[in-house]
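Down below are the structures I want you to see.
Two complexes follow with chain A in common, the first pairing it with chain B and the second with chain C.
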Partner chain A sequence: MKTYKWLVPTLYILFLMLPIYWLLNMSFKTTNEILGVFSLWPQDITLDNYAKIFTDPTWYNGYLNSIAYVVINTVISVSVALPAAYAFSRYRFLGDKHLFFWLLTNRMAPPAVFALPFFQLYSAIGLFDTHIAVALAHCLFNIPLAVWILEGFMSGVPKELDETAYLDGYSFWRFFFKIFMPTIAAGIGVAAFFCFMYSWVELLLAKTLTSVAAKPIAATMTRTASTAGYELGLLAAAGTLTIFPGAFVIYFVRNYIAKGFALGRV
Partner chain B sequence: MGIELRKVSKQVGAETYIYETNLSLEKGGFNVLLGTALSGKTTLMRLMAGLEPPTTGELWFDGENVTGVPVQKRSVAMVYQQFINYPNFSVFDNIASPLRVARIPAGELRQRVERIAELLRLTPMLQRFPNELSGGQQQRTALARALVKNAPLVLLDEPLANLDYKLREELRDELPKLFKGTGATVVYATSEPLEALMLAGNTATLHEGRVTQYGPTAKIYRTPNTLLSAQVFSDPPINTANVNKKGDTFHLTDAVSWRVPNGFAGLGDGSYTMGIRPHHLTLGTAPKNAVKVCATVLVAEISGSESVVHVNVEGNNWVSESHGVHPYKVGDSVELFISVERCLYFGSDGQLLTG
Partner chain C sequence: MIEKTANKKAWLFVTPVVALVAFNALIPLMTVVNYSVQETFGDNVFFWEGVKWFEQVLNSERFHESFLRQMAFTGMILVIQVPLGIAVALTMPRKGPWVSVCLVLMALPLLIPWNVVGAMWNIFALPDAGLLGRMINGLGIDYNFTQQPVAAWLTTVVMDVWHWTSLVVLLAYAGLRSIPDAYYQAAKIDGASAWAVFRHIQLPKMKHVLTIAILLRFMDSFMIYTEPFVLTGGGPGNTTTFLSIDLVKIALGQFDLGPAAAMSLIYFLVVLLVCWVFYTLMMRSEKQ
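The block that comes next holds the complex of A and B.
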């Protein structure tokens, strides 16, 4: 009997990849072709869309801005979450479990709740339209997430490792940087990845807290669509390019993420 | 002097982990802490290492009060039941790590690490990482790290419990040899009475947070001071029974009785507790001066050339251990022999009676 094991995964991949293929397909077409004919592949391949993005500062600055605040956010989130997660994993204190859960509740509120107060507060202290403003705003969601992920990895390391290091004469900080952090490197990678991804795709806060100098690429894309008419080819090219940073990061942490899932914390 | 616990106790919340304990372990000796799970072995070790502060009392080492001295400043080595190594360091770096922290010059460091690695047969693995090693090799690495720094106090917390049988035997043989002549005071925690006997040295028996007895291992096995110590130090568990002394005979029941063994003649009439180690309750041919009892088989286990048979004797559930294969079925009636002169007799307060 012939088996059809390949059928389900094939259909799955087909449906999954179809929109992405279509985006890629559109990015190599002219807007006229997109609106005029229905074609499975570009009839008249053009690189103009990409050329514009790489030469026009209003476009490529969007990417640079996004990358800037995403990187700042990831660095802040992970470096703040590391000591917090260590405390949750190694010490018992009054209300530790409640506090730990409370951290997660920060993620329950939609960003829209914070958009307006953040806008006013950041404006008041002159942080409006800066990279650090967006990076700090995203910390609200990313630090709790990073603490949760890191705590899971840290609790997977027996506390006897800490003790062995102290018995060997290591001071706390020397142990933490030389032994503990390399031991949970996978967890740090996974936490950084999730911070990166979240910050990269978040639009509302990023858009509200910036106007020109720190405008993210996603905001640039929405504005182009509304003001300059239908520049669909350009938009598709911009969309294609936003996939790359995430794909690039995933490539490096793919093995760690599997481990993160195994620990039940991601 | 070695290590000395003076009126040490440990409480966590409302629970008492260690009751007030006075214990002095001789310097350079091999000491075994014997007790079941939750008897306080690990807590006692952690107190000795200074990983946890005692609730009350003081810890003295070589005539110096070390209570509250941070572990980094104490020279203590510890090996755990789990294999604890630094996963991001090679075996060489793992062994070298205490020396690096102590700023030992590179040449001497290399020499010391290589000597220890040779001793523990880790030389071919020096460049590998801990997760590429077998369990036995991982534990050897942990042992090497504990040995290399020549700590005057080495704590081994059930180091062989997670190893498979063969490796356990091998390392158990090596351990006392490794520490012999280093002058280190070694404390070894185990839950297995047989292991304590094989390691020799001194043994402290622990029961529910109390040290019930401390002394040379063989002596404690032969003359436990109380029924509790005897129970801790017996595997399979020691059998107990109430016996009545009337005149010059002990009575287990009206029908089963024997002459009071030499030395107990001065004992008053009354009720006593008798401890029968499983290998003093045997099947097959009668040993010298044995008393015969009838029993019903509850469970029979045969391990190679030994038979362990759980029996019911006059309402007591006992375990008998005999040489040879005795395949009994549940419910069978058997004849057993108690070597009454080798048994232990305890007073109503649990203290051992001696002739």
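The block that comes next holds the complex of A and C.
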């Protein structure tokens, strides 16, 4: 029994990889081959699908737009969440518990509920179809998440650290930047990772708030699927390329990812 | 637990967060409340309607059906993903080079944009060109998720299991890693069975992270929109039209703003209520 234990995770990973393999397989095929012959690997490998994405501005701008708002969102979310999480982990103040729960309720709000009001709000203030609009809109769920994760990591740091620093004559901000932030660097990395992740995978709000100038890659794909009569190969290539940024950032946080999902509370 | 000191200035620390979230949450929420009690024919002219829309939504067959569908979906997701996630976490290697490989590969589905997940499963399950569709049809089972409600349902559920089980795995694994080796050695000396180790050592240690896992899975599966929308478009018929899909159809498709707003508020309140219960349970277990 014990020696066959590795079978469970192996089969599970195999199950996870199959659809990804199929996407990769499709991306190297021509439309004719996809519709004509069924094969487990491409018979006649073509890079046309990828070439089209890298040369057509409507395609590659989609990637640049997505990355732009994701990065802006991550920077805003983590930098405002840091002091707030510190306050929640160290201090008692009027309404702290209610405030914390209220923040979390925004992580629980279905984006579908906010789609139309967001469209009206960001149109009214003239930010419609800009990267900053999507970045700000994603703050709705990413800031609460970042506060929650950072608060978990900060609560794991003993308060004696703060007190010793004050005795040594550090001012609050010097302590915060020079001692405290390096101490919870892993937590900051994990919080940034999660903001990146949720902003990268979200589509409903990103699509509602953009039309041309800031259109995310995911929305570009939806359009292709519906208007161009299913160019499966192209769709598969575009999908494959959206997997790489995620794989790239996972690699950096791989040792902390499990703790991160537990919101720093293990 | 850290002993917290009272400090009124702490409000200064949270002000930026409150300002940003309030801008994004309160203004849109008030817009929704506005629409939910009024009728408009455009041009910013509104007529007071009181609770008419709420009554209409709560009494409509359509809302009942999509609500039941949503409950069934979320229920199935939790029943499959939580045990499966625990099983994978228990059998994962605890140290060595394979740990990183497992973690990175398992986390991969979580970082794929949701509509790409839908598109990927669409391609994967196509009856003629997809690997899964071909395999099932090859076994002699007639399978076409664009036409058969049962097939559409199963494909949606399997897709979500594929997409999110890793979240449960990672959480459960984080909980397991916090168990000191001494516990296992003590259990071995006592001659405890594998089941006893699970029941009395591993499960209690995972209780807290599993509450987080169930909370997150409940929340996200209850709000699911993009993946089934891309995979099945809510069809065939209405069979995979979950709450969010139905809501977007009413609000942006038919532009019935009053009923859509009323439905939004009811929807949000349901999510909030369940999450509040979980949150309270979680905070209680954290204090212990």
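One rule holds for everything that comes next: the second predicted complex is superposed on the first by the 253 of 266 C-alpha atoms of A that agree within 3 Å, B and C clash if a C-alpha of one lies under 4 Å from a C-alpha of the other, contacts with A are read in each partner's own complex, and residues count from 1 in each chain.
The definition used in the following text is that a contact is a pair of C-beta atoms (placed from the backbone, for glycine too) under 8 Å apart; a residue touches a chain by one contact, two chains touch by 3 or more.
What you are looking at is a predicted structure, and each value in this text was computed from that prediction instead of being measured.
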Side-by-side fit of chain B and chain C on chain A, or clash: fit
Dominant toucher of chain A (residue count), chain B or chain C: C
Touching partner for A:182 - first (chain B), second (chain C), both, neither: first
Chain B versus chain C as contact partner of A:5, first or second or both or neither: second
A:112 touches, of chain B and chain C: first, second, both or neither? second
Following superposition on chain A: angle at chain A, chain B versus chain C, Cα, nearest 10°: 90
Partner chain(s) touched by A:42 [first = chain B, second = chain C, both, neither]: neither
Contacts of A:166 with chain B and chain C, given as first, second, both or neither: first
CA minimum distance (chain B, chain C), superposed complexes, angstrom: 9
Common ground on chain A, meaning residues reached by chain C in one complex and by chain B in the other: 158
Chain C-touching residues of chain A, taken from the complex the two chains share: 5-9, 12-13, 15-20, 22-23, 26, 34-35, 38, 40, 76, 80-81, 83-84, 86-94, 96, 99, 101, 103-118, 120-121, 136-137, 139-140, 143-144, 147, 155, 158-159, 197, 200-204, 217-218, 221-222, 225, 232, 235-236, 239, 242-243, 245-247, 249-251, 254-255, 257-259, 261-263, 265-266
Touch list for chain A against partner chain B, complex: 158, 160-161, 163-171, 174, 179, 182-183, 185
Contact set on chain B toward chain A in their complex: 49, 51, 70-72, 76-78, 80, 82, 84, 86-89, 97-98, 101-102, 142, 145, 149
Of chain C, residues touching chain A in the complex: 1-8, 10-11, 13-14, 16-18, 20-21, 23-25, 27-29, 31-32, 84, 87-88, 91-93, 100, 102-116, 119-121, 123-124, 128-132, 134, 162, 165-167, 169-171, 173-175, 177-178, 208-209, 212, 219, 222-223, 225-226, 230, 243-245, 247-248, 251-252, 257, 260, 264, 267-268, 271-272, 275-276, 279, 286
